[in-house]
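Below you'll find the structure, written out as structure tokens, and then a few comments.
Think of it as A, B, C, D and E in the order they're written, each chain with its own count starting at 1.
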Amino acid sequence: DTLRVGMECTYAPFNYRTSDGKLEGYDVDVAKGISEIIGVDFEYVCQEWDGMIPALLANKFDLIIASMSITDKRKEQIDFSSPYRNSVGRIVGPVGKDLKLFDDKGQPVVGNFDGLRIGVERASTYFEWFSAKLPKADLVLYDSNEAMYLDLKNGRVDVIMTNPMKAHLSFLSGEGKGKYEFIGPEVNEPKFFGPGVGVGLRKGNDELRDKISAAIRKLIREGKLKEYALKIFPFQIHDDAWAEE
Amino acid sequence: MIEATFMNKPNDTMIQLIGVGKRFGQFEALKQVSLEVRRGEKIVLCGPSGSGKSTLIRCINRMEEHTSGRIIIDGRELTDRTKDINAVRREVGMVFQSFNLFPHMTILKNLTIAQRLVRKTPEKEAKEVAMHYLKRVKIPEQASKYPVQLSGGQQQRVAIARALCMKPQIMLFDEPTSALDPEMISEVLDVMVDLARDGMTMICVTHEMGFARSVADRVMFMDGGQLIEEGDPETFFANPRNERTALFLRQILRH
Amino acid sequence: MIEATFMNKPNDTMIQLIGVGKRFGQFEALKQVSLEVRRGEKIVLCGPSGSGKSTLIRCINRMEEHTSGRIIIDGRELTDRTKDINAVRREVGMVFQSFNLFPHMTILKNLTIAQRLVRKTPEKEAKEVAMHYLKRVKIPEQASKYPVQLSGGQQQRVAIARALCMKPQIMLFDEPTSALDPEMISEVLDVMVDLARDGMTMICVTHEMGFARSVADRVMFMDGGQLIEEGDPETFFANPRNERTALFLRQILRH
Amino acid sequence: MNIGIVFDAIPRMLGGIVMTFQLLLLSLAIGTMIAVLLLLMRISGRWWLSWPAQFYTYVFRGTPILVQIFIVYYGLPQFEWIRESIFWPILRDPFGCAILALSLNTGAYLSEIFRGGVLAVERGLLEAGAALGMSATHRFIYITTPLAIRIALPAYGNEVISLMKSTALASTITLVDMTGIGRTIVAETFAPYQVFLSLAIVYVAITWIIQRSVKRLEVYLGRSTAR
Amino acid sequence: MEALNGWWDDYLLASVTVAKVFVCSLILMVIFGLLGASAKLSSNRLANAVGNAYTVFFRGTPEILVILLLYFGSAVSLTTIARVFDPSVAFVDIPPFWAGSIAIALVVGSYATETFRGAFNGVKSGSIEAARALGMNGLQTFFYIRIPEMWRIALPPFGNHMLSLIKDTALISIIGLNETLFVAKQAASTTGKPFTMYIVVGLIYLGFSTAITISVLLLEALANRHIQRRPS
């Protein structure tokens, strides 16, 4: 018995393909861990981000393990397991521009976003956040994260909002080093970003969902998640409290 | 003319039209045409463009269905029944103005295909028949070429040979030389004269008056879907009785 | 014939060809053709298909470039220089087998466009000239129609009028009636006879022997790219000296 | 199926129609100019003009438009010197990139269509023009061009429709044309069926309008050749 | 260029996928085209309407939308249909390979419909009349006269349809089919060399197009061998 798992395959370091064709990354490790515990083989399907949920609903695959944050809006359509990774957003922009996008309380300063072209992924939590908080913002929508870094570098957008862990690793410590930096604090509002990142599944599969949630808790308890994170980052990217039911 | 029909032995009458009409929607292309052709007779049909000459001979092998009157070919009446029609068509060969050879087949294949499909003649025999008629039209050496590789005159001779391969009792010609260059006309007419001498029953739409003079038993003039005048060639050309005929003949003969 | 040239006053010689040859790649379409046409002379050119008749007259207004020999039109030799060519072409009108009227222009526009572009005639005058020649070919009432709305014979008469509007010294006709229905041929030939009577210099490729008899000063026969025989019409048709000519005439006149 | 989604989606997607038409008309105009240039190069009779034109056409007709769009948008900025060139303001802008890729592509197709039209003009008519003493330029302007336009018009109409459909690919490089908006709505509502189907119907309607206009133009231009 | 190291095998594998999609969609395209043409030529009004609706819809809709519709929509509608017959069915589904192949075959098939229809009508009526006059029946005329002639007329536009098909395969990357453009996207994000990666895709497609063009030219020469005039 196998289950099909949808992911982007271009979202390093969480899920991506190496030049020799292997899928790697934190999401992939988590998936493998779950697969071992519940005793079901996984098969991976690559899918562009904006079609991820429609594809799951259309039965193109059975699970989403693709760094998808658990949000209320998404929960109207699909179910989530308990979280396996933190979900936060942060703005990245060029070094040395004193943009003052946030006030002392960490809230966005609406006027200071005027005239900025802001890159976000289509159908992402960041997009939701902007739509709600800054409906007038000039958003440029991307199908993939990497295209967004390219365009930031090429000057097609002024700032982007993205996952800070990913940005740190794939961009700020690489190509963007010295030229780009985080602007403002981490944005972490559960209303938009949810309690974290979970495994998505179609509604009505409660048994499977509970099995997966249990598996994730087991991974936390056994320190596996920490191990996966430390392969990439110098810190863990989950909350140990999630191990409790 | 209908009266006259009953005087002949039926065996002698090859083609008989009784009050034949043909409509295309509102338009009456043939109006009450009656005509009788004896076995071995040669008819030349002339008349201005649009007068219904093509329509008339196309009704005779049922390329068009007549809408009123009766057509009887060699004792068989043309009706809606398909079986009969293919039987009749086998007896009636037709040669078109634009040759209508099958462009994707060699000359030999053009001549054998219908024999094999329609008459179920075995391959070998079909080829012999084909070569026989190719010799008759004097181009046996072209057998393996494709139609476009032949001159117009040669193509028309192949078309005649193709019709002859089906061993028809009657041959219909619809302006067989009008798409040809002047020099090629005579080579086709030669073949037709030759056929005429052999006693084939023929109806030929043509404006080649030399040909009409030398082979036609009767020349007929059509206008507005009707047979206006007929006669033996000499009197027809010399003394057309009808006004319209005279005008037409003057126009095509003047220069 | 070259000797004879020097006997005439140059003014009298309208077209002079001296040993003209034309090759298409390997193929020699014209071989050493020499010919002299006096002002006002009417020449009818005949011969089998592919003999080079069209090529010959097309060389005369340089639609084709001859590859050897000399062509002199009204004292101007045809060479590579473009300026000269357009000057010569203005003196030489040409009428084609397939009319070649400009389909997107009215009849009047067909007749005025070249006047305006080439001769720089003012609009009003060009229209007057056009109407004059349309009257001459007897269809002034068609001026505002488009070519497709006219019959073949009318189209060919427009083509003649179009050429005349440029007031050429010479008219070339390449089988002007062979694409026409039998009934329309005479109306075009009438116009050409009329022109001939007016003293226009004409070279006409045609197989209309009635026309040749009534207007040609000389009839010439071509075969295999060469002028084989010439003569005045009566003797040419009655007593062809050459074997090939006789054969050809027998073929086109027999039926 | 939730029909309400459709009623919400259609007005929003129509908001992208302006972008779709901007893309269509601008790249059609530029593409037509490129095509005329290529046509003149090809019929010039000079190999050093005709060969490059042929090569251009071969490359642009032989590769998918989506790949061309990606090369222009994502590919070109790989090079420092492009980012510092005077073309950068155009290439920086996704709209500029889309216009560039679409015009280059449609130019190749249109040049073939124009060439077909020019070659289909009856030789006899040009000869008649020559026999009347008209110069080569006059013949090209007064005989070849008007007739070639008539002949090429139906094919040109089809290419306009192709181009309109290609503009939908602009959504892959962040432009918010009708398809871009449609994809965003799908990402919000997770109702691809309803949204894409209504979007398709909008495109079919535009196609129909283009077809009708071209037909009318054909009738208008062909009035002289109708009996 | 060294950026390409390690990606060659991915491109190769992806090219094989492209070829597979091409072959499958080609077969489907011919089927859709012939069905469409028969529907449009039929005297049945319903068939006519269906044929017209088919061509109007698929010629007017961007390929990318058809692909997305089929990929996401097929499961919804197929499942609904399947449940009518067997309520226990959980999900019916078309994988990206087939969703993509069917989608582009539907689009190009709508163009082929017109080609086939035109070719049927374009066979000179003279040949057909001659066949009838010789007493050949409808079926014989169809197979011995119509089809061989039609094939010659339809071949050049058919070549163009094949080129459209091969180029449309690139769009299937959007629904995640692992073909060349999809590989290039991944490689571009890993190596940061998008130009290099996409140019390779362009060259691969140019190769495919060239191969198709040459094959069509050869086939045309074969089909037209009988209308080659004799050298004069």
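Operating definition for what follows: a contact is a pair of C-beta atoms (placed from the backbone, for glycine too) under 8 Å apart; a residue touches a chain by one contact, two chains touch by 3 or more.
Keep in mind that this is a model prediction, so the values were computed, not measured.
Identification of common neighbours of chain C and chain E yields B, D. Chain C is reached from chain B by a rotation of 175°, derived from superposing Cα atoms (nearest 5). For the pairs D-E and B-E, the larger set of C-beta contacts lies at D-E. With every chain reduced to the mean of its CA atoms, the largest distance from chain C is reached by A. The greatest centre-to-centre gap from chain D, using C-alpha centroids, is found for B. Centroids built from CA atoms put chain B at 85 Å from chain A.
Each chain gets one centre point, the mean of its Cα atoms, and the points for chain A and chain D are 39 Å apart.
Work out the mean CA point of chain B and of chain D, and you get 54 Å between them. Centres computed as Cα averages put chain C at a distance of 47 Å from chain D.
The set of chain A residues that touch two or more partner chains comprises 51, 54, 58, 147, 150. Each of residues 68, 72-73, 76, 174, 188, 192, 194 in chain E touches at least two other chains.
The set of chain B residues that touch two or more partner chains is empty.
A list of each chain pair in contact follows: A-D, A-E, B-C, B-E, C-D, D-E. The touching residues of chain E, counted against chain D in their complex, run 56-57, 59-66, 68-69, 72-73, 76-77, 163, 167-171, 173-174, 181, 184, 188, 192-199, 201-202, 205-206, 209-210, 213.
Of all residues in chain B, only 48-49, 181-186, 189, 207-211, 214, 248, 251-252, 254-255 touch chain C in the complex they form.
Those residues of chain D that touch chain C in the complex are listed here as 122, 124-125, 127-135, 138, 142-143, 146-147, 150, 224-227. The touching residues of chain E, counted against chain B in their complex, run 124, 126-127, 129-137, 140, 144-145, 148-149, 152, 226-230.
Of all residues in chain E, those touching chain A in their complex are 5-7, 9-10, 68, 71-76, 79, 90-93, 95-96, 174-176, 178, 182, 185-192, 194.
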